[in-house]
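Chain naming follows the written order as A, B, C and D, and within any one chain the residues start at number 1.
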Amino acid sequence: MSTVVLLLATGLGLGALYFLIASGLSLIFGLMDVLNFAHGAFLTVGGYAAWWASVHLPFAAGGGWGFLGAVAFGTAAGTAAAFLVELLAIRPLYGRHREQILVTVGLSLAVPALVQGIWGADPLTFPRPDIARGTVGVLGAAVPRDRLLLVAVAAAVLGGLLLFVRRTRYGLIVRAGVEDRAMVTALGIDVRKAFTLVFAIGGAAASLAGALGGLYFGVVTPTQGVSLLIFAFIVVVIGGTASITGCALASVAVAMIQQFANYYTVAGLGDIAVVAVLAAVLLTRQGGLTTRTAERVA
Amino acid sequence: MPTAPTPAGAAADAAPAPALALEDLSWSVGGAVIVDGVTLAVRGNEFVAVIGPNGAGKTSLFNLVSGLTRPTRGRVLLGGADVTRERPYRRTRRGLGRTFQTSSVFADLSVEENVGLAAQARSGESHRFWRRASSAAGPETAEVLELVRLSHRRGAEAGGLSHGDKRKLELALLLAREPELILLDEPMAGVSAGEVGELTGVIRTVQRERRCTVLMVEHHMEVLLELADRLAVMHHGALLAFADPETAMADPQVQAAYLGESL
Amino acid sequence: MDTPQSTAAAPAGGAAPAVGGAEEAAPRTPAGAPADGPPGAEGTRRRRIPRWAVPAAAVVLLALLPFSTLPVPGVFEGPLNSPATLQLLATCLVFAGLATSYDLLYGRLGLLSFGHALYFASGAYFAALLMELLRLPLAAAAPLAVAGGTLLALLLGAVSLRVSGIALAMVTLAFAQAGSILVVRDPGRATGGEEGLSLEADLVPDALVGVFNTANLYWLAAAYAVLAAGAVWWLDSTPTGRVWRGIRANERRVAVLGLNPYPYKLAAFTVAGGLASLGGVAYLVVSGGVTPVVTTAEFTLTLLVMVALGGAGTRWGPVLGAVLYTYLDHRLLDVAASDGFERLPAAVQAPLSQPLFILGMLFVAMVYFFPGGLAALPARIGAAVARRRRRGPPPD
Amino acid sequence: MTEKPGAAAAAAEGGALPGEPLLRVRGLHVWIEGSHILQGVDLAVPASGVTALLGRNGVGKTTAVKAVLGLVPRTGEVLLEGRDITARPTHEITASGVGYVPEDRGVFNGLTVAENLRLAERPRGRPRYGLVHELFPELRKRAGQAAGTLSGGQQQMLAIGRALLNENRLLVVDEPTKGLAPRVVAEVADAVARAAAGVPVLLVEQNLALVRRVADEAVVLDAGRVVHTGPAAELLEDAERTRELLGVSRAHNAEEGEGR
């Protein structure tokens, strides 16, 4: 019983990470048709910036509230990176989806390489604040606090995104833009502002995932982003781009399958089980992402 | 069960199965009925013009017949065989061909290669990876290009053709497959007045010399009256009339629907 | 020519309309085109060189290269036939063949596959495992490995190609990731995990072992590159290749012509996978081993960069892109290890020490300034010159 | 003959300078995928009344209005009230006072009716909900309903209502009656007529009865070029000319057909 609870908690924690990455990917893809390979780079930036802040910045050091400062710094750095990437790299290629994908591919190779050039390829130990230390007893299981922290943050981000999309004018523009970008501009709205905003929001969520991922894994490495990104892609395919809630559910489902299969079978089989689920979903469901995007790219 | 009802009542009972029969064919999307219970039978080598106001469901009807969309109700029969569940390429192999409202040619391929691709699709040489494509095209490519009067543009990239030439190339793609039943979706759309006459001539030649059955969506009245044996008038997805042009055009309902006199 | 109507000027194959055709195609998207009518035919008669001449010359040059002692200062460390240079060239050629096989999918069919690394890695790992576990000689392990890789491509392609577009990209990426995870997890201590596997020298013919035989490795790699490029070029000129290009241009239209696109796509996927696994075997022999690096998504992305750098869907683009990329990747590492590099300030040193950073940024710049890649450069320059010339007399 | 709401009134007011049209298009060329769709279109929309853009299917009517709005890449010159807007992006052109009702209505299916309208609000603008709800009471009743679940006619009302929400200098309406039932066509025609009372309209339409009722000027396109310009009534009176230019004429067609 306690094993199941522990697995559930760990799965939820991982699902929270996936959600933070996939929600941005899904928003960006839904609105702009850009398959953003650079999303992993934002994650790397977020993780390393948070680590750097905890080492070098006085307000971000220490085991207590300083950690929040480090996470905030990491998120700010990742958001700024995403903002600049959209403005300088994506926007000039407006309407040329294949070139946009190629640019993000180039960035996804270059940014981790740069990070590796500066801080080396070895994993760096990530600071662990007091609030994320130790365990909490839940139904007889000792659940690590950092898992609960992740879930709480992801839930807050989910709520914030839902509020943004449903209640704000830009959320309205984003929802309309996902349906028909040209018509949004024909209503006199500069849809590119929404692009930049969505890219920045996606970058913020991804870099938050990078900072908190350091907590989850205990370390940051230059290539952490890429492997998480692939599972986030799978989440986007399974969850579709239509709703943020769907993305959250798919994140949790993928993480749970991975955790339980990895625990009860051979380690590594969980990852492969997720791929099998993806294949099954793609082959049985003709709709959502599958049909909508068939004509758009390539 | 190939005894499809023939609304015109003209087809003899003993005649072979109609080239195309539609039975209560319907298609709806998200609650909106786009094609609404269309039943008709087209005889072999007949020329049927499908008319109706924009948005009446003409192109959707063609999509159902060619298999690009699946009907929500009803059946499609080609030469008496039920093809309702068959995919587009299977229907093409049964002798069905169509053109599209917006020109749909292979833009990166040359004119000759476009036709060659269609010709090899018919001759079944497409899987022959051991020979050169240029020797697989055969003389019919040149013949077809001659027929649609495109021989002089043989080597040009199809994407760079003029609008009228693209339409001709589309016809050539169709003919290279040697179809028995062809669906032409507004072949004159966007074609200059001078080219309309030329295209009309090409289409007439095709129907007479190649003994094709033709269904054509078109808005040029003169062209229709010159070519069509019967008019099928559509309105709101339903078949309003299916009769010879004089009778159909005299129908007050048709006048109201098509010419907008209902205001 | 069995078509009496086709004139003698008609090119032998469909791929190169520019050789004999008097009609130049009008520019594709003339946003800034002259206002009236399509630009007139610029039917400049090109030199009449047979189509096979350039490839044949390239093959002869490739074959003779190890006999040359020509020093190329600045480009290579030693003379052309020094082992180090030949080893680098061999690696370049393996990737040239591999990139060409990837371009069959990406450039010629327009299929966005992100899992090509899997089939390359399959060839290399299958061969290495067959040699390690069953003690099969290379001559037996190689065909088996290629067969295995091809079969894997057939099976996974059959599943993946049920979807298209971005979904295809995702599912191929995911399959490749599953393969990568499998290799790194090292099931049964067979794949060597992060360390990878090294070539069992005693199972390899002596001619392919040792520094003195680097020329043989070079020839092996050259043979693979010629085979892969030749196969793709040949297929491109056949009826099947024409269907492929039709699928890239308009898949639905192909279906309406009465051809089911699926088997044609699967055929291309399988051929590309087979050529990639053959490349994997060649890579194993040339580099004396294999590591999980070649299983990763980054590796497929690297292939994409090579192809796009050179020019997707063109004859020489993938080859040029792969050679240039691989060469720079190696040479930039050498530069970073050189003496003068130490004296650079740290802020400059860190990024420059990472070839992937430089190549990634170079690629981004290329997407902006040279869309269409290296292969499109002559045409772009030609178009620019023509535009300048046309500016003289006004168009009628 | 029905009365023309705009022309006489505006001429009396003398709002715009005579000879200075509201919208002027010169030498408009559009290439799409290598096809030369518009081949030098010149047209003018006067500062009042309805200008109908006519022509058979596929001659480039929709492309022409999209080109005016910058929705397709084009060359040439587009002047709005004398100012060159050719280089402006679409959102600036429309925000400067051009309402647009596209051919396929362009309502956002996933958004509610109210959200569709809210999206059209302009910053610092004063949305005229009163006018829109008075014209189309249905839109108020169905405010919370997803636009995708509306009938075709209701969606068209929403599209027109959305364009009327702001005070515009020009209204561009592309085939508002396409695919609508006859009763709904009449309603839409009413709506267009009432809209035209307050703002000049560029109308693409195939339904000649609607054109006859609301249009003042007619511009006819054929194969990417303007082939006729003049008062709409004059054109429609001339059955022979109408048939020549538009491929169909009114009921004369059927009568003559019988005579054959």
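In this section, contacts are C-beta pairs under 8 Å (C-beta built on N, C-alpha and C of every residue); 3 or more make two chains touch, one makes a residue touch a chain.
The model shown is predicted, which means the values in this text are computed figures rather than measured ones.
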item: Longest centre-to-centre distance from subunit C, chain (CA-based); value: D
item: Winner on C-beta contact pairs when B-C is weighed against A-D; value: B-C
item: Distance between the centres, which are taken as Cα means, of subunit D and subunit A, whole angstrom; value: 45
item: Distance from the mean Cα position of subunit D to that of subunit C, given in whole angstrom; value: 52
item: For subunit A paired with subunit C, centre-to-centre distance based on mean C-alpha positions, whole Å; value: 32
item: Of all residues in subunit A, the ones touching two or more other chains; value: none
item: Set of subunit D residues in contact with two or more other chains; value: 33-34, 36
item: Overlap residues in subunit B, where contacts from two or more other chains coincide; value: 107, 157, 159-160, 162
item: In the complex, subunit D residues that touch subunit A; value: 69, 71, 89-92, 94-96, 100, 102, 106, 108-111, 115, 118-120, 122, 162, 166
item: Contacting residues of subunit B [partner subunit C, same complex]; value: 66, 68, 87-89, 92-93, 97-98, 100, 104-110, 112-113, 116-118, 120-122, 125-139, 141-142, 151, 153, 155-157, 159-160, 162, 173, 177
item: Interface residues, subunit C side, partner subunit A - complex; value: 110-112, 159, 162-167, 169-171, 173-175, 177-178, 181-182, 185, 187, 296-298, 301-302, 304-305, 308, 349-357, 359-361, 363-364, 367-368, 371
item: Contact footprint of subunit D on subunit A as seen in their complex; value: 169, 172-173, 175-176, 178-180, 182-191
item: In the complex with subunit B, residue positions of subunit D that touch it; value: 33-37, 56-60, 148-149, 151-152, 175, 177-182, 185-186, 189, 206-210, 213, 222-224, 243, 247-251, 253-254, 257-258, 260
